[in-house]
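The next block holds one structure in the form of structure tokens; read it before the comments.
For reference, chains read A, B, C and D in written order, and residue numbers begin at 1 within each chain.
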Amino acid sequence: MDLEHSLDQDALAGVVRAIVAGRFSMERIRRREGTPLVVDPDDWAALGEAGVFSLTVAEDEGGVGLGMADAAVVFEELGRGLVPGPLVASHLAAGLTDSPLFAGAADGTTVVGAVTRPRMSDTGARVPLIVEHLASLDAMIVVGHDGLLSVLSTDDLEAEPIAHPLDPLTPLSVLTSLPEGDPVGDRDTAIRFTQGTHILTGALCAGMAAATCSMAVDYAKERQQFGRPIGSFQAVKHLCADMLVRAEVARAAVDVAAVTADQPDTGDTVRAAAGAALLAAEAAIANAKTSIQVHGGMGFTWEVPVHLYLMRARVLASSLGPLGALARTVAARY
Amino acid sequence: MDLRYTAAEEQFRTELRAWLAETLPTLPEKPDTGDWAGRRAYDTGFQRLLFDAGYAGVDWPKEGGGRGSSPVEQLVYVEELERAHAPYVGVNFVGLLHAGPTIVAEGTPEQRARYLPPILRGDDVWCQGFSEPDAGSDLAALRTSAVRDGDDYIVNGSKIWTSHAEVADFCELLVRTGPAETKHKGISWLIMDMDAPGIEIRPLRTIAGATEFAELFFHDVRVPVANRVGQENDGWRVTMVTLSFERGTAFVGELLQSMELLHSLREVDDADGSPNADRIGHLGAELDALWALTRRNVSEAARTGVPGIGGSVFKLAFSELRQRIGELGMDLIGRGGLSWDELDGPAWSRSAGGPGNAELVDTWVNSFSRTIAAGTSQIQRNIVAERILGLPKG
Amino acid sequence: MDLEHSLDQDALAGVVRAIVAGRFSMERIRRREGTPLVVDPDDWAALGEAGVFSLTVAEDEGGVGLGMADAAVVFEELGRGLVPGPLVASHLAAGLTDSPLFAGAADGTTVVGAVTRPRMSDTGARVPLIVEHLASLDAMIVVGHDGLLSVLSTDDLEAEPIAHPLDPLTPLSVLTSLPEGDPVGDRDTAIRFTQGTHILTGALCAGMAAATCSMAVDYAKERQQFGRPIGSFQAVKHLCADMLVRAEVARAAVDVAAVTADQPDTGDTVRAAAGAALLAAEAAIANAKTSIQVHGGMGFTWEVPVHLYLMRARVLASSLGPLGALARTVAARY
Amino acid sequence: MDLRYTAAEEQFRTELRAWLAETLPTLPEKPDTGDWAGRRAYDTGFQRLLFDAGYAGVDWPKEGGGRGSSPVEQLVYVEELERAHAPYVGVNFVGLLHAGPTIVAEGTPEQRARYLPPILRGDDVWCQGFSEPDAGSDLAALRTSAVRDGDDYIVNGSKIWTSHAEVADFCELLVRTGPAETKHKGISWLIMDMDAPGIEIRPLRTIAGATEFAELFFHDVRVPVANRVGQENDGWRVTMVTLSFERGTAFVGELLQSMELLHSLREVDDADGSPNADRIGHLGAELDALWALTRRNVSEAARTGVPGIGGSVFKLAFSELRQRIGELGMDLIGRGGLSWDELDGPAWSRSAGGPGNAELVDTWVNSFSRTIAAGTSQIQRNIVAERILGLPKG
């Protein structure tokens, strides 16, 4: 029993951190703010080359043959660096080796997104079907009303771009229709897909929660008011301490969910994954908000990047569906 | 305790309501957020209408050219304007609610004659130069300097968080006239003509994407000594005097707008089968309570001239409540909250008669400034603890 | 429009405060902790003489002829002093002049309680029917399943006392049966009874929330740690500031609900009363809890009376039914 | 990362589980809370059984007479005892988890030989004399004095929050041997025989109504200098050494008990149609996460000897979570929460297989001490901010 990173996992995190520092520096990714093509194909291929998408694909299928625990380590780093793009969907697509559409997902030459088919609202009005990074996508996974997956090429999709997306690094489009697509996998595949979405989205969020905590702490050490660094005031200290608690609790939840997915006889993966997604999404939102507060007026400027974490956290949280539903999943299995 | 208004107050309300019903439909179309010239014309145009109808400076004393209304009438005034969805005070904000009252209280007769009437008429627009990048919560640490040179001060430095700078005629400016160590005892309050050479205006983009604010940079800007309000180095006290004009009505518009927003969120939630009724009801009870607290604060101001302890209590409670309303809105509309542009279809969309995702996103994002601007909630809690509860300074 | 106390209301509050200081000092009421007869008949009569119960009864019915706003002022003071007994029920009973059982309620010679007839639980098990201060009661108001009121004498009730009630100043009994009683009043009477319960219970709670805030502030000024009064630490300051906010917001809610009840054309009394009860009950609980925290280890001792406010707050909150139901009442009318 | 245990750990678990299954049914009936003699006999009796089976001092090093288990085995140990509902450590708490480890690390060979074996065997019971009425969070402000008189110290003063004093044989006592100004540099660590003349024990009633704690008053109590552990005035460091024995397992029992309680609250809520499922699921996710954090902390201790930053993080999160679980329980049972005595009938009652109102009231009331005892949450946040995040001292 060991819930700390192994040496291999530390090394893996280091590799990802180096790629993030090189290709996804804040300065570099911010240049693409507000553009429809935030995902750079070269950068995406570099992530593929590092194994970000093929990590959990079996070696005899051409993957790295590692587990969700390793993927969680990687995705926490990607979240910390605010790396944009359909990371979770592309990673999970690489495992759907039955579908010819996803041949290049593993090496990052095919970019894959995901969307949940919306229900009609009670009044019969159509809920807008919002897709992320559509202009960069080659293919898409559709989660149907029955929970089963289908896949489709994005070539012939009709969509209206949203001119002002909340997160300037997550371009959005509204699909005007959504074809049926080709079924892929069975019910177990669909369940694993949901679990994978919970765990990896949770990992991104946990990394983001840690990043906004660090940003607040760094600022609080440096910013002077009333002749002292603001981090010397208890009020600021306690905001930061609470951020650390949220980030650490979220990371523990994500990590244990990932290991449980790899070793399913050690626990209830559905409960662990749903709980991890819930706590991590909340931590990412709350820490970004608190970090803005610690940054004071500067936190409200476009220049300081902490708000980008807040907007991304909302994007990721919304991709999980209502957070209350995650809580009820945990409750039903407690 | 009494919730009924006097006959005179009711008549004031009736007349104002009638005037608004008659006047608002005649207003031109609202300009775009980015159209500064249009916004100035729109806001000052409405101010001129108010002036002509005798409603300019409701809260100003008569000797300043205002209406000299009682706090309760001021409350009725802002309540009716909000309920009628009249234009906000907009670019007239600093002149009407801050610089003007300061000059009323502390200006010379010449300054009052020169600056006050154009504010009331909507001829002059003012902006504020108080905050600096390194002087936020700690305003007294400001460093923008004013050095005497004959009959002028020469001003160098910069300011941040200035609204409406692009269209302002004048700026109420806090400058350091004493050495830095003197902190709040070395500050003076100046009237700066925004046409003076050496002023650079840089729009400041916020997380809401908009450029409502600007940074100001001063390079040897000359301000006549005659434009100083109050004594040299006495600007801190002059600034504080303005606060004493507050009658507890500052947030009435936003509060009533929040109540209306919550009402429409409740309708959205009803359409979804009311899974959030507990949360909505709780927020509703809090808004009702803060509306009661507002009226208590105004009652206190009517008796004593100041709204008492309720002002700080209100600001602390409302700024955090506003964030929770923002979060509720975002939670209710799910993926719809990812777009600043209006989306169509479900119960929350404008096309279906709901509040619309754009307003909800805007409410949410802007709510984050509420616990920061005009004193962070942390500073507010210190103030409440020390000034109201009498706890010792740290 | 004036939501501050009138001079008469200030005078009224002063009268009640004097009675509380004299007859209900903490030292004096604590002598009755854990006994079945916490209500002293003389003290109760003194409250009656001061008009606590007859305040809102019309003058031609022998009452003082004031309104709920005045009653709220009085009940806030009673709450601040933690005055024990079935204050709300006895006050409301004094207004039910149709019932001969309540003849002495107004002058405090008859002590009246209230109870809500419990529903069977879904499993068919009987929810225990808990009555407060039974040994002191002469009569009782029963709120039926249909919301209508009936009244009964407590002479022949069978009950088991609870040896260890949560609040040692609120003795409890479990009724083994509950007779039908005699109907009193119509549907409007019942609605007014509920509103009155919300407003006056809220007033008690608002007074309690203010009291625990004051206790924390006083302690924080005096208690030294690390060579300074603990009230000079931001962490403690902010706890106290939040307590003041909760207490003041609750009081504003209660007062406006009471004035609305007196001047029903100025607002929605049902919504105002439910909201006031909700916020005040929560403030009483949260402030007592926070006050214990500020008191540190001393707050956890029996000796320091702050815990009595916490327990009383739970008693009062539970008498309102689930607080979520109050919130839903507000939501439905918003 | 790995959730599987080694074969040796699994075997340890299997053997322990078998021993517990065999032993627990043979235990006498649990004594009443107020029966101190009975509680001493019960708790020390179980300790003797553990000792005879080789399970005494699982976390003590072998050279102190313990089992010298790894942190992971310690985790398995406390987990299995909790899951089997074995008796708590009870009156053996201070000896086994605090005074004993201190003497192991800092005692002389004579002290170790004299005091350690009786603790492991359940022969001696210890209590703690650290806190004082005026030295709570600020422990170094303690004033109980020890003045040398030949081969003895003469102790005067008082202590508070001492558990099990009524049945303790010895007390680990912090006293001031230097002047008050020396703060933590003038403190010594003594072993005090509770039979020494001049010790007065006054039960301290808490808000839970119980007298689990006592105040101790010392009037010229003689303690031999030979009973000092560590050097004179070095008692603060001696005390800190004990903390280094913590392996992250301190709250495992209470955490697992909380999970079991939440499970039964979920069943109660199910019986009521699940109106609180969101809240229960959220608390459940948090408990699961803290159980993960615990295992991470133990993993860290297994690697480095100390649980790392996770310990403070855990305490902060768990103490407030425990309060929210307490509140949930009270909210679920409504009026049932007004009685400390068991009530019968509904789904939550013990008679219907629920957790029972008494346990829920007890959980709620006692939860208020969680954010106070062993460092208030305010102090904990300072520690996290300064020691882990490196923020400057205030």
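Operating definition for what follows: a contact is a pair of C-beta atoms (placed from the backbone, for glycine too) under 8 Å apart; a residue touches a chain by one contact, two chains touch by 3 or more.
Remember, it's a predicted structure, so these values are computed and weren't measured experimentally.
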| task | Treat each pair of touching chains as one step and give the shortest count from chain B to chain D. | result | 2
| field | Chains touching both chain A and chain B | value | C
| note | Most remote chain w.r.t. Chain D, using mean C-alpha positions, is B
| field | chain C and chain D, separation of their C-alpha mean positions in angstrom | value | 38
| Geometric centre distance via CA averages, chain C-chain A, whole Å | 50
| Which residues belonging to chain A are in contact with no fewer than two other chains? | 233-236, 238, 324
| remark: Touching at least 2 other chains, the residues of chain D are 378, 381-382, 394
| note | Among line, ring, star, complete and other, the chain contact graph is other
| said: Considering only the defined contacts, which chain A positions touch chain B in the complex? | reply: 121-123, 125-128, 130, 162-167, 170, 172, 174, 224-226, 233, 235-236, 289, 292-293, 296-303, 307, 310, 314-315, 318-319, 321-324
| request: Under the touch definition given earlier, write down the residues of chain C that touch chain A in their complex. | output: 233-235, 238
| Interface residues, chain B side, partner chain C - complex | 1-5, 9, 72, 75, 262-263, 266, 269, 274, 277-282, 284-286, 288-293, 295-296, 298-300, 302-303, 309-310, 313, 316-317, 378, 380-382, 384-386, 388-394
| request: Enumerate the contact residues on chain C facing chain B in the complex. | output: 1-6, 9, 69, 217, 220-221, 228-229, 231-234, 236-238, 240-242, 244-245, 248-250, 252-253, 255-256, 258-260, 263, 266-267, 271-272, 274-276, 278-279, 324, 326-332, 334
| chain B residues touching chain A - in the complex, by the definition given at the top | 131, 133-134, 136-138, 141, 160-161, 204-207, 209, 271-273, 275, 323, 330-331, 334-341, 343-347, 349, 352, 361, 368-369, 371-373, 376-378, 381-382
